[in-house]
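Below: the structure, in structure tokens.
Naming follows writing order (A, B, C and D), and every chain is counted from residue 1.
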Amino acid sequence: MTTTEWDASSLTRRFDEVRAHTEMLAAPLSPEDQTVQSMADVSPTKWHRAHVTWFFETFVLAENEHGFAPFQDKYWFLFNSYYEAVGPRFSRADRGVITRPGAHDVGVYRGNVDDRVRGLLAGLDSGTVEKLTPTIELGFHHEQQHQELLLMDIKHVLSMNPMRPVYAGAPDPHTDPDALGWVDVAGGLVEIGHDAGSFSFDNELPRHQTWLEPYRLADRLVTNAEWLEFMADGGYERSEFWLSDGWARVKAEGWQAPFYWEQLDGVWFEHTLHGTWPVNPGLPASHLSHYEADAYATWAGKRLPTEAEWEHGVVADGQAADDRVVGNLANTESFHPRAAQPGAGALRQVYGDCWEWTSSAYLAYPGFHPAEGAIGEYNGKFMSNQMVLRGGCALTPPGHARATYRNFFPAGSRWALSGVRLADGGAPSQPKASTA
Amino acid sequence: MTTTEWDASSLTRRFDEVRAHTEMLAAPLSPEDQTVQSMADVSPTKWHRAHVTWFFETFVLAENEHGFAPFQDKYWFLFNSYYEAVGPRFSRADRGVITRPGAHDVGVYRGNVDDRVRGLLAGLDSGTVEKLTPTIELGFHHEQQHQELLLMDIKHVLSMNPMRPVYAGAPDPHTDPDALGWVDVAGGLVEIGHDAGSFSFDNELPRHQTWLEPYRLADRLVTNAEWLEFMADGGYERSEFWLSDGWARVKAEGWQAPFYWEQLDGVWFEHTLHGTWPVNPGLPASHLSHYEADAYATWAGKRLPTEAEWEHGVVADGQAADDRVVGNLANTESFHPRAAQPGAGALRQVYGDCWEWTSSAYLAYPGFHPAEGAIGEYNGKFMSNQMVLRGGCALTPPGHARATYRNFFPAGSRWALSGVRLADGGAPSQPKASTA
Amino acid sequence: MTTTEWDASSLTRRFDEVRAHTEMLAAPLSPEDQTVQSMADVSPTKWHRAHVTWFFETFVLAENEHGFAPFQDKYWFLFNSYYEAVGPRFSRADRGVITRPGAHDVGVYRGNVDDRVRGLLAGLDSGTVEKLTPTIELGFHHEQQHQELLLMDIKHVLSMNPMRPVYAGAPDPHTDPDALGWVDVAGGLVEIGHDAGSFSFDNELPRHQTWLEPYRLADRLVTNAEWLEFMADGGYERSEFWLSDGWARVKAEGWQAPFYWEQLDGVWFEHTLHGTWPVNPGLPASHLSHYEADAYATWAGKRLPTEAEWEHGVVADGQAADDRVVGNLANTESFHPRAAQPGAGALRQVYGDCWEWTSSAYLAYPGFHPAEGAIGEYNGKFMSNQMVLRGGCALTPPGHARATYRNFFPAGSRWALSGVRLADGGAPSQPKASTA
Amino acid sequence: MTTTEWDASSLTRRFDEVRAHTEMLAAPLSPEDQTVQSMADVSPTKWHRAHVTWFFETFVLAENEHGFAPFQDKYWFLFNSYYEAVGPRFSRADRGVITRPGAHDVGVYRGNVDDRVRGLLAGLDSGTVEKLTPTIELGFHHEQQHQELLLMDIKHVLSMNPMRPVYAGAPDPHTDPDALGWVDVAGGLVEIGHDAGSFSFDNELPRHQTWLEPYRLADRLVTNAEWLEFMADGGYERSEFWLSDGWARVKAEGWQAPFYWEQLDGVWFEHTLHGTWPVNPGLPASHLSHYEADAYATWAGKRLPTEAEWEHGVVADGQAADDRVVGNLANTESFHPRAAQPGAGALRQVYGDCWEWTSSAYLAYPGFHPAEGAIGEYNGKFMSNQMVLRGGCALTPPGHARATYRNFFPAGSRWALSGVRLADGGAPSQPKASTA
């Protein structure tokens, strides 16, 4: 990983901000809401709150606090997510059977670790701060990832409930789609990947050369209105648009529309964190699997961008040059992607609406080395059977997204807040049966 | 079903008692505890609290309250357990994903229905009381069944938690087993089944003749000490003791001891509602499947009683003659079976310790007719692939057990509070491979 | 078990007959037909042919042949069905992956064991013959059971093939149902079970008393025409007719008609060993689960008989008095149940058409003791989660059926040649929701 | 796809060669052997023989033969593998339940189609030959792919059999591993992919530029001796070497050694088509999943090559320059990888021993377009959740391998004849936890 430069007091200030943001997101949720795991991929809210705390306790306090003892021996076991090197851990699929510690007890745990981290930072010399910075900063970004997941997960939990509960807020007014434009990119022998000077995960490294043929990127995401056209044209009934694995899922799981859509008396509704509302045509189509994204692109006679095309295109468009660290600054009010604002000649909806599926498998960059120790399990061991998504989404916390960020999910995942930006031109086109 | 005679005020008084008992049992449980469903057989505490309320709302208020409207339309759907005739219902296995209504909201629902039932009863003439009595009294016994299930279910929920949470109370002191005696029963052409004059479920009817060869019943339940002998003699490793289906489960699920036992540093511990404690040798072995009960009996050179043998034996022993309605009067303090009290010549531990597996399949009595309407789904449709248990257990609420009561579970069930009483003599012996 | 009296030459003659019958049944089947296992319940034809041979090798030759050595060491492992006491065995569900020994090799194995058994019998004194008779006679009946299974199993194998292959023969001409009559039976304290003097399995023992209320039995099986009425009246769509487990299967597996029925252009066809033909209205409805049999009886306002009612009724009707050993004498020509012959006042279609589901669970008779040794695994260990069927069917070999015979299958089984005879009167009626 | 130039008579001669090779491979297999499907991935031998015939019937005869009628209507359905555009097809996982047509009938089908294809070719003018060439040549390569699969599949079928059957031949004598050397490659902006002038599949196209850092390739495959070292060092017990998905498989399926290895009395044996023999240390380790290949590389401090590195390295090494079409010329005698021949400075075991796992996901090349029509389903729709393998193996038929060939399997597949060649240097290293 790479890191930013920090002093102890700015580290502490940032620590407080990040920790407070998690609690703000959990605040609208009852103890019951915070307990449930609605499917294996989902974790309970209170588990997220505890796990990010465990991360600081394990990787910061355990090795640096004088006379360290865990807050609770068994939390060590309960709140380890997947770090084999840290020891045995509680089964992921059973996180939802743990009723104690409850939501309140997790708050007590958070308070305890917060105090101890603050105490640790207060007493350090600058050399030790420098040594600890990479892990603490990783803890910030780790907690932000879980902030995003917390929202995706509680969205799923609430979606299972026929009472149609609301997390917060109200939906956007009806909007019609703005026209789709294209941004041309020249390609050539370009560089992608992070180049240090600020924080990055290890999987964004090293910065390296890659060859791109000329291509173009759509200037906004595919809209709900366009998705309805795809559906009306038999999108979910015609195998010729689909990857074989995708078609098998369509049949096995009866996909007929995006994940959170439901037809009531002939009208399509969408479950959102703001409640269940009629599908809004101007908003980005969201909660799509890679298979759906790819099938849509094939139907549209276009393709998905590679991750290199996405990153180079965004940087070339000037959206990462002077502001490498961006995010959804407004996400304390709205928890759903919004309509593209009118505009032309530049990419829109890059970071704050939907994670964008690429056509790239999630694999190591040339020369990649995972970090040393248990932290090395953070990214590398998941480089198998997943696809890269780029950008960010309406649930991404402020200051968390950047152009080089590599998000990843299995191709069949739908509960993440994902969407589609089309590409066209020299690079790979549709990897499946011709529609001719 | 058969019923007792009631007037409106005694019905109301009993209604209040039964309803209050449920809330007393739920009181030690947090909102998180009340939300979780740890396996498909288990229901969340707050679901139990709501479902028994739905039962009164559906079967008492809906047809008799002037200007009836459901408290909440969707509760109709959420809290129906299995009544096809009442309409569609929420998937049983997904009860644990419902976070709203929460534990508090369920309390509000209970209060509302309580008030309306009391109001209804206050305004009725005696003819209408008589007409409603069977359904209301069924509602009492239905709620009592769920009181027992609530405790069995929360025991399972808490057992999944490595924090080893305690529901309430403290375990009994170490006791050694009392000697086992036998009670002889003559048999002949006897009568079993309920004979009216007080409440019974439809499956206890009609009272009818059956032929029994002479037999004898053990005067107490099999103890933990005896179960340890069975284990030490290879009970879980030797196929010759087991029914074929049972042996398949032993292998598939790795059974090595009763359901809630766990070996720590060479010592067997048992999870109870009072916490996790070393196995107490004088207490009844409990949380056993029918397969284990049957294998134990084969190992011991004995057999399980038929349900007719059990019922006739208990009645002949004088334990149902003058007190047809019995139960675990003390179960507000202890939630675990207790050691048999010294004594001789009569059956011990009949109603208040463990439900006792019989060798009888759960089938209709000769001449059985299910009740009319949706209530007819209460018992009859489950007469398939289940075995009968008789008696009662430490979790059975006061006034709920009786000699003719037919409980039933699939042969592989282990989360119910079940135990073993041996039989011997003229009737069926071991239905599997000889141990010779 | 009980046995008939035999001398060595009549034993040898019978041995030759039984062994030849198996080969005659396998003769129309190609090596490919004989190899396939189309579901876990089904065994390949060549496995049946080898397993019954293994039975004689293991239980007759191994203990009695001078200088015994197995024909092939690994056959010992491959062709053991379920005898734990004999040692490890090949996984049941994987019988269909064994291509060698092939059909021809199995013939060689059969010939070898045949010669050795004949040689053994030729050299025995009469005392040893008497000692071996029970096992050899069990071997006859065991092989006959597999003759029946071989046909049920190959019927299933061929049914999976869209080429619609024919095993043999041609279907019966179209017939209309004969009128249904009823036979009254007085009941009382009756005896059932086998009473020695000829062969029986251990599960038919001991003969014992049981009490029966007066009842009546339908004089023929339910017909296809009647089943079509049940279907037309929503039989597979109305939960009120069904046991809860049965209804769950209807929904999970999409049952809409008997197992081997298929609708083509609005006409119902049935797969038979004679090919696929339009459903013949006068023939017995067949290949039904216990759940379907029970649902039909409920729909018809009747019930299934208990096994005691069936046996006592058949004997009282004079159909087992002078001819205890009966069977489908003509089953070398026809492999499908046939229409009831006109007639009145007596039970029809008792042994040669369809195994008849009863309402009795398969459990031990009072005083039952399994046979000693590995043979004791034959029946007893399966007394769990199965229902009793009585009579015999069109695939039952000559001389194999009798009034006391207890066949058994899980309630959801449909590939066996099963049908429905209704009962009415004093004994148990519908064990599920009222249809009122 | 790209094609070679052919005239009608050379096409016919090649057709005869390819078709005869399939029958030669099937010749040692009995009808029983040819019928069985031992897991969903495996197809029966007679299905392979029929399917490749169906391919010629469907794609060559149906559109070009005057008065075409299918040989058998239902073969159209039975022998379609995965072409959605051709119509419904028989379930892949159930291929093993089809006993008719049998092995002999499939031979008749083959003969019929052979005659008709020869007849068609005999009557064509050269323009039509040119038009048909791409499809006919694809048919050759398609049949060759199935020749390889036929052998991989029957190897699996026979491996399930405790009789330890032999397909053919005898194993190689014991050999010790030859020393491992390395071949350096300069990298830079290189070209990969097929460049026309001879046959290729569509997925090898288009030829395109890609950037490679300098790297080196092992000059031979990893040996059994080396694999035993990996095992001895806890290779299958230490999570730090494994991708997360791989580790989950290790635990779920109990992997402890390569797929076909079995330990008997402390000695490792390997199931081969030549029988079961002690593991031969000098031979390539084979039948490994991508997960195992990757874990081994991590353990060894090396990595797998990307597919671009593999292809460019092999071509740079001079092994594809003058002989683009290569293969296992001797595979009519040996069906197992052989020891690397001593030698230095050049790559060994490139085409005829084991398919070599790369670190590249199977995705579209930049600018890829699938072929038009149903043939377009050949490759493109499988570009998801698979990894690329390069080279060829001991089961690859003569003339089938080439440097640009992209084979692909899911990362967990083990029944294919796969092995490991290590890479090192500038490109991606271990994508998982550090072993430090």
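Worth pointing out:
Operating definition for what follows: a contact is a pair of C-beta atoms (placed from the backbone, for glycine too) under 8 Å apart; a residue touches a chain by one contact, two chains touch by 3 or more.
Remember, predicted model here, so these are calculated numbers, not experimental data.
Chain pair A-B has a twin interface among A-D, C-D or B-C; that twin, with over half of the contact pairs alike by residue number, is C-D. More contacting C-beta pairs link the chains of A-D than the other of the two pairs A-D and C-D. As a whole-number value, the distance joining the C-alpha centres of chain B and chain D reads 59 Å. Averaged C-alpha coordinates put the centre of chain A at 37 Å from the centre of chain D. Centre-to-centre, using mean CA coordinates, chain C is 47 Å away from chain D.
Chain contact summary for the complex, chain C toward chain D: residues 30-36, 38, 46, 74, 77-78, 90, 94, 96-103, 157-158, 160-163, 165.
Considering their complex, residues 82, 84-85, 189, 208-211, 213, 239-240, 242-247, 290-291, 359-361, 363-374, 376-377, 380-385, 411, 426-434, 436 of chain A touch chain D.
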